[in-house]
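For reference, the structures are reproduced in the following blocks.
Consider the two complexes below, in which chain A is the common component and chain B and chain C are the respective partners.
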Partner chain A sequence: MFKHAVSELKEAILCLRAGQVTLGYPFEPHSPEPGFRGLLILDPDKCIGCGACANACPARLISVEDQDGHRTLDFVLARCTYCARCRDVCPQQALAMSEQFETATSSPEDLRITIKLRLVRCRECGAVVGTQRQLNRVLNELPSQLGLPPEKMDWLDLCLSCKRTRALREGVLTVEVRA
Partner chain B sequence: MWLGLACHFIGFDTLFMQAWRIREPSMWMTEFLTGNRKTYGMNQIGGVSRDLPEGYQSRILPVIDRIEKEVTAVVDAILEDNSLKLRLQGSGVLSHADAKAICVVGPTARGSGVAIDARADHPYAAYGELDFEVCVEQSGDNWARTMVRIRELFESIKIVRQALAKMPEGPVMAEVGVIEAGGEGVSSVEAPRGEVHHYALTGTDQRPYRWRVRALSQSAERPGDAEGHDDRRCPHQHRQHRSLLLVHRARGRD
Partner chain C sequence: MSNRLLDWCFKKSIWVYHVNTGSCNGCDIEILDVLTPYYDVERFGIKLVHTPRHADALLVTGPVTRQARERVLRLYRAVPDPKLVIGVGSCSTGGGIWHDSYATCGGLGNVLPVDIYVPGCPPRPEAILYGVAQALGLVPKQVEARSFVEE
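Up next, the complex of A and B:
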């Protein structure tokens, strides 16, 4: 009995010594640790619509659709697991994880990002080549890397198959056929 | 958290609140280390997605020192609590033989004197380089399981200290390359409440074709099986029970 009383006394002291441990949040702001992964944000000016994020997303919440001359990337963030794989693979650094953790909402549209980019189709066969912004990036970076003048890049708006056909026809590329 | 919830369920809310208070700094620590409290999003094929932040040692060590001190104080206070003893001692007894027969895992098994722990039995990750004790209690009642969990808490603190001291330098990701379709992988890891088995079969396109998780609760939540082992009652459960038996046999235990 005595031991039990001591035990209860110890428990009481523990609780009293702890005092108030709750934080003032939500009446006071609560800032997360640096490196915290909150709600995803997309910089629409940087995105080129390559779809690397959709390929990397484990939750499969990013859909890429080509329709009516536009490529639409649709992020359904209600399913996001905040792993930040999309941010890590984005070649344009267009995606970032914000510090926003208060994502409760009555409207699913609040957790959705949609971006529509102009699509370029192959001038010969009409197959999808990529978005205008993807081509612009190639046009900006490739000539200096290859030492080519930009006006020589007239094959940019050809699809992969038509590029090959043209390369073969013009003798840029030779194929060795073995018997 | 387990200790806190267990106390809540038996009506001992004092310890429930205290356990959660002590746990909170460890949650802040995981946010600091991984970028989130619960969904770490760290593990990837080939390694982890981010390295430990700058100055992690000086931040983790005081936190675990404090947790150790506070848990010691709480455990010291409750061990002589009569109501807790009356509630836990002699209740929910799972005998050593029954625990083996129905193949319970984790602290449930260890509370009944079955010394199995995936970290010690077939060490994965860095567990082979760390020194820790597999906590076993013999009486098989709720008290024994509680004691196992409490002792494991201190073992975990010991493991964290050793891991921090031995932390190697180097890259956090390995180059994986192309993953062939049709490859299979099985793993068994010790989660806080017992062993978790994962099976994966790779498909085309670098994606998993099939992935099966056998959670620990599937081996713990089978009352009735202990008496008489009536296999006709649930053939499906019987199959699972056999499969786990095989795992145990493969490990050189009975």
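Up next, the complex of A and C:
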């Protein structure tokens, strides 16, 4: 009888020592570990609309559509698997994973990002060449990388087939590539 | 009057019935996490029950496979009114990576009227807690659609 009481007392003391394990979460914030991948954020100033993210996305949630002088990138984040492949392939570092996880919503439409960028069409045939920002990036980087004079970049707003036709007609543009 | 009383009672303690409709078990493990003493949802009166007839809320994970569809509908009918339907995970929110598969219904929204979606793959246990609290109207919604147009 006495032995039993002692063992129960021991257990009670053990329980006191254990302290509290429960998180105070809803009443106090509990931020995620570093490296946590939360809701995707898009920096609209950096995005050039190349669509690399759409290629990489396993859930195929990014659609790229060219219409009426605009390229529309539509992110349907309701089915995002938070793998961050889009962030990894983005050449502009325009995508980032935030730490936001409190994303509950009554309508999946709230988890949507749309960005519309101006489109450049071929000046000869009217086919889509790319977005204005894509061409700007090429204009900024290609001349210095290939040692091209900037005035030779006037083929930039031609589509692929018009470039070929022109190259055949006018003689191929020779470029000395620096290793 | 009786409706108001019901609504008042409904917010006090939610008993949930957990339904897996073809999920990969990631979300299910997070739901189990929520029930552990570490997150301890029982302090809010939230409790897992073993029959839909005792439940106030259906906690559904998975994209709802074709095989599961009939069962989910039967479960929904078995839950007494008023009831909540909570879709947990990216699969039930938008179909996940199976959104266009012939074998799934592409998300819970295509099968049942859903009160709240908790996206995440899997959602953190905190996110599930937040979602349930949001369904009860205790916390505000934090996300909204964004769109940008280049001029």
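Methods note: the second predicted complex is superposed on the first by the 151 of 179 C-alpha atoms of A that agree within 3 Å, B and C clash if a C-alpha of one lies under 4 Å from a C-alpha of the other, contacts with A are read in each partner's own complex, and residues count from 1 in each chain.
Here is the rule we go by: a contact is a pair of C-beta atoms (placed from the backbone, for glycine too) under 8 Å apart; a residue touches a chain by one contact, two chains touch by 3 or more.
Predicted, not measured: the structure shown is a model, and the values here were computed from it.
In the superposition on chain A, no contact is made by A:R137 with either chain B or chain C.
In the superposition on chain A, contact of A:L77 is made with chain C only, not with chain B.
Of the two partner chains placed by superposition, only chain C is touched by A:A59; chain B is not.
Judged by the number of chain A residues each one touches, C leads among chain B and chain C.
Contact with neither chain B nor chain C is seen for A:R123 once the two complexes are overlaid on the shared chain.
In the overlay built on the shared chain, the residue A:R166 is in contact with neither chain B nor chain C. In the superposed model, A:K46 lies in contact with neither chain B nor chain C. After overlaying the two complexes on the shared chain, residue contacts for A:D110 are found with chain C alone; chain B is out of touch.
Using the contact criterion defined above for the overlaid structures, shared-chain residue A:P32 touches chain B and also reaches chain C.
In the overlay built on the shared chain, the residue A:K10 is in contact with chain B alone; chain C does not reach it. Taken together, the two complexes place residues 21, 32, 81-83 of chain A in contact with chain B and also with chain C. Interface of chain C with chain A (complex): residues 37-40, 43-44, 90-91, 93-97, 99-100, 107, 109, 114-121, 123-124, 126-127, 129-131, 133-135, 139, 141-150. Chain B contributes residues 14-15, 17-18, 21, 24, 28, 31-32, 35-36, 39, 41, 44, 49-50, 53, 73-74, 76-82 to its touches with chain A in the complex. By the touch criterion stated above, chain A contacts chain C in their complex at residues 21-23, 25-26, 30, 32, 39, 42, 44, 58-61, 70, 76-83, 100-118, 132-133.
Within the complex, the chain A residues that touch chain B are 1, 3-4, 6-8, 10-11, 13-15, 18, 21, 32-37, 81-85, 88, 97.
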